[in-house]
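Take a look at the structures listed below.
Each of the two complexes below includes chain A, the first together with chain B, the second together with chain C.
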Partner chain A sequence: MADANEPVSVVGIPSRVEYTYSPGRATTRFLRAIEQKRLMGQRCTGCGKVYIPPRGACPRCGLPTDEEVELTDKGTVVSFTVVRVPSENIQLELPYAAGSILLDGADIPFQALLRDVEVADVRPGMRVQAVWVDDAELQPSFTNIKWFHPIDEPDVPFEKFQEHL
Partner chain B sequence: MSEPEPLSGPHVLEYTYKRSVGPVLGRFFTGLRDGRIEGVKTAGGRVLCPPMEHDPATGEATTDQWVEVGPGGEVKTWTWIAQPRKQHPLQKPFAFALVQLDGADSALLHAVDAGDEGRMSSGMRVKARFAEERSGRIEDIACFEPEDA
Partner chain C sequence: MAELCGVVGVGQTQHDAKREDVSQVGLIREAAERALEDADLDWKDIDAVVIGKAPDLFEGVMMPELFLADSLGCAGKPMLRVHTAGSVGGSTAVVAASLVEAGIHDRVLTVAYEKQSESNAMWALSIKIPFSATVVAGAGGYFAPLIRGYMMRSGAPEDTGIRVAVKDRENALKNPYAHLKFPDISFEQVESSPMLWDPIRFLETCPSSDGACALVLSSEKLADQSKKKPAWVHSTAMRSEPTSFAGRDQVNPQAGIDCAKELYKKAGITDPRKEIDCAEIYVPFSWFEPMWMENLGFAELGQGWKMTYEGATALDGDLPVNMSGGVLSTNPIGASGMLRFGEAAMQVRGTAGEHQVAGARKAMGHAYGGGSQYFSMWIVGAEKP
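Right, the complex of A and B next:
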């Protein structure tokens, strides 16, 4: 911290909680699948919507999402943000983009990094695909997907994903 | 669907806050780093340790008169921690106590290393044990210990 001869003006007071986290049965199935490079969502038995990662129940209907659905690792950017402000916890070179990605066949997007693209070129509707870690590094973790990057497919019009922001 | 055994693992949530301490606590922590405990005088002449920017009794600003207090003092109240957790100041059974340092009119919350709950009592005499390495924070006082130890 400060120089040993300077008056004290700042103290570090970290706030830290250590949890033992259990993701539950539905997300465990998702994590066991992603360990094998497969993306498993679950479909609601009522409204038919597909959730990934699944939490075991549909937030809209309250019904169990008993049917498993394997999804591709391709999707569409439905919204995004560009991070330009440095912070102690950010290891990435600035600026970088993070997006809400709607996988093909899914009804809910999730957040992921967007790389191999200039931040000025990122846009809603852009088609992207997951970039995975090496097979030897696969774990039961979402970090198996390093980021998403653009693929050479035409943009999806807004009307096609406006329900999924 | 066959059910895999639910996963479980460690998850740490940490905010690395830094707090600017202001002129009064800044002087207090600077004193601790130098192995000295200081209190501040209120307009009414009471000595507050830990020092404050305002007198809690009147709301008036405290004065710029400082008084060295301790390192001895008296336990006002205490509670015994039989099973310390990792983030407690001592890794053996100890007491949290309000210690009124000699020369002060208010009490400081800190740990007392008494070894055994039977040695603790309100009114007992204790003295500060300073940490060997100090950086200007409350942990610069490692703990208090019974004066007759």
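Right, the complex of A and C next:
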């Protein structure tokens, strides 16, 4: 207990941020599809790159990504980290592996949890597939994918995915 | 540029995890007063103030520049705030220099700070986005896969990052203002420190600091009159790119490459490794030293790690990097870029004390921010450009 005569230098004032989220047209289509266990990406009308999750436009070309492309839930780990430090925002048992995953047919990776594998065995090039929540729990949310886990396919060579780092 | 700009004063605070002895006001005053003292000037000599800091959530105070205006002597003077995430300390100095170079003001005080202990930056950086899955938090989780990407591409030896950390932490021992000091730092100590975000170890990571940095910039005429030797601004450059797009190279971002090219071109530099005497580079995780050596054109692609390995970036190497101990030793985020710029100025003014590079005539300051998407840089010299 601090001395009652000590001047107060710091007081804790908890603050919180609340906001209304408007996903926009492109993300709404993605979320409606993932509610049906379908992964819908979008192709740029300029460079032809496929974005998932899509945001409606390609930042490189400044063009709309109008064409919808359905992707599989299989992909490749392009890079990863093993998290061994706790965070207030994430309630996961440590250590855990977080991968940068490039879905087959997509041109941009996203981060996802990797499980059903020892963290020491996670490696770039590893082939993985989504593990989904039970159908009864499906929502319009990326959290429908609980994590990715390894599948019995040969690793992809580094040259094939190194441009996606 | 129409006018030359000289750095005539450099000031910084004592950096620490918690500066409970000062408020945000006290922190920036400490740096600003030291810069004015170094310049042998007073508040009345300042024409305008440019302030920079990282996101407001880092302290939990919205638009702090409004309540800081008075304490920075801005009453009746122009003031503006710059914000480009972690690179902001650099871009704030660039904006301040451009006000002088454009002939708008003769003497500008520029200040950058962060008082990280007043909130939680890791939390502030990791706000949960609805309908998405958040799997990593903070900068470490974000940058670790990119570091692994660099390791795969370059085939760099796995202990490269450890070597950078030892070098920067040894340099910090020579810097009286540095936050983190490990008097008996060794390879073994870094190697055995806990892995936080594989492959980033605890001692390969920057701290959270409270601190501020300030510079006084003058037009040529006024800089010529200053008692101490100015550092002349030879060139400045800034670049940005989107956080995420298909085919974006996050390990070696195009914006960084382009920014450095413009910087060297404006300064008339064709061989940066040879012509630049030392560089303060924004390295918040040790592996970013070799990554930026390549991005900035000091080394060929895939070869940056060799500079660390061969000792080229050591204080007695051919291109000393992070003489002050760098971001690894001191990281008040908003001020971190300006500390790099300020160190570059100190080097060419010959005022860097124990971490002075003998005979430094041309030095580079560098900062990056966001998801490696904002870059700001300057080159300062002992002679006029």
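The definition used in the following text is that the second predicted complex is superposed on the first by the 149 of 165 C-alpha atoms of A that agree within 3 Å, B and C clash if a C-alpha of one lies under 4 Å from a C-alpha of the other, contacts with A are read in each partner's own complex, and residues count from 1 in each chain.
By our rule, a residue touches a chain if its C-beta (ideal position, glycine included) is under 8 Å from a C-beta of that chain, and two chains touch if they have at least 3 such contacts.
Predicted, not measured: the structure shown is a model, and the values here were computed from it.
Enquirer: For A:54, using the defined touch cut-off, is the partner it touches chain B, chain C, both, or neither? Pick first, second, both or neither.
Expert: neither
Enquirer: Touch check for A:9: first (chain B), second (chain C), both, or neither?
Expert: Touch status of A:9: both partners.
Enquirer: What's your read, chain B or chain C touching more residues of chain A?
Expert: Ranking chain B and chain C by residues of chain A touched puts C first.
Enquirer: Just to be sure I read the superposition right, which of the two partners does A:107 touch: chain B = first, chain C = second, or both, or neither?
Expert: So A:107 only meets chain C here.
Enquirer: For A:24, is the partner it touches chain B (first), chain C (second), both, or none of the two (neither)?
Expert: In the superposition, A:24 touches chain B alone.
Enquirer: Once the structures are superposed on A, label A:32 by its partner contacts, choosing first (chain B), second (chain C), both or neither.
Expert: first
Enquirer: Go through the superposed model and pick first if A:68 touches only chain B, second if only chain C, both, or neither.
Expert: A:68 contacts chain B only, not chain C.
Enquirer: Does chain B (first) or chain C (second) touch A:81, or do both, or does neither?
Expert: After superposing on A, A:81 lies in contact with chain C but is clear of chain B.
Enquirer: Considering each complex separately, which residues of chain A are in contact with chain B in the first and with chain C in the second?
Expert: On chain A, the overlap between the chain B and chain C contacts is residues 9-10, 13, 15, 17, 21, 23, 27, 31, 88-89, 140.
Enquirer: For chain A, which residues are in contact with chain B within the complex?
Expert: 1-2, 4, 7-25, 27-29, 31-32, 66, 68, 88-89, 140
Enquirer: Can you list the chain B residues touching chain A in their complex?
Expert: Against chain A, the touching part of chain B is residues 1, 3-21, 26-27, 29-30, 33, 87, 135-137.
Enquirer: Quick check: in the complex, which residue numbers of chain C touch chain A?
Expert: Touching chain A from chain C are residues 20-21, 60, 117-118, 120, 122-123, 126-138, 140-141, 144-146, 148-149, 152-153, 194-200, 242, 244-251.
Enquirer: Hey, which residues of chain A end up touching chain C in the complex?
Expert: 9-10, 13, 15, 17, 21, 23, 27, 31, 44, 47, 49-51, 53, 58-60, 78-85, 87-90, 92, 95-96, 98-100, 107-108, 111-113, 119, 124, 139-143, 145, 158, 162-165
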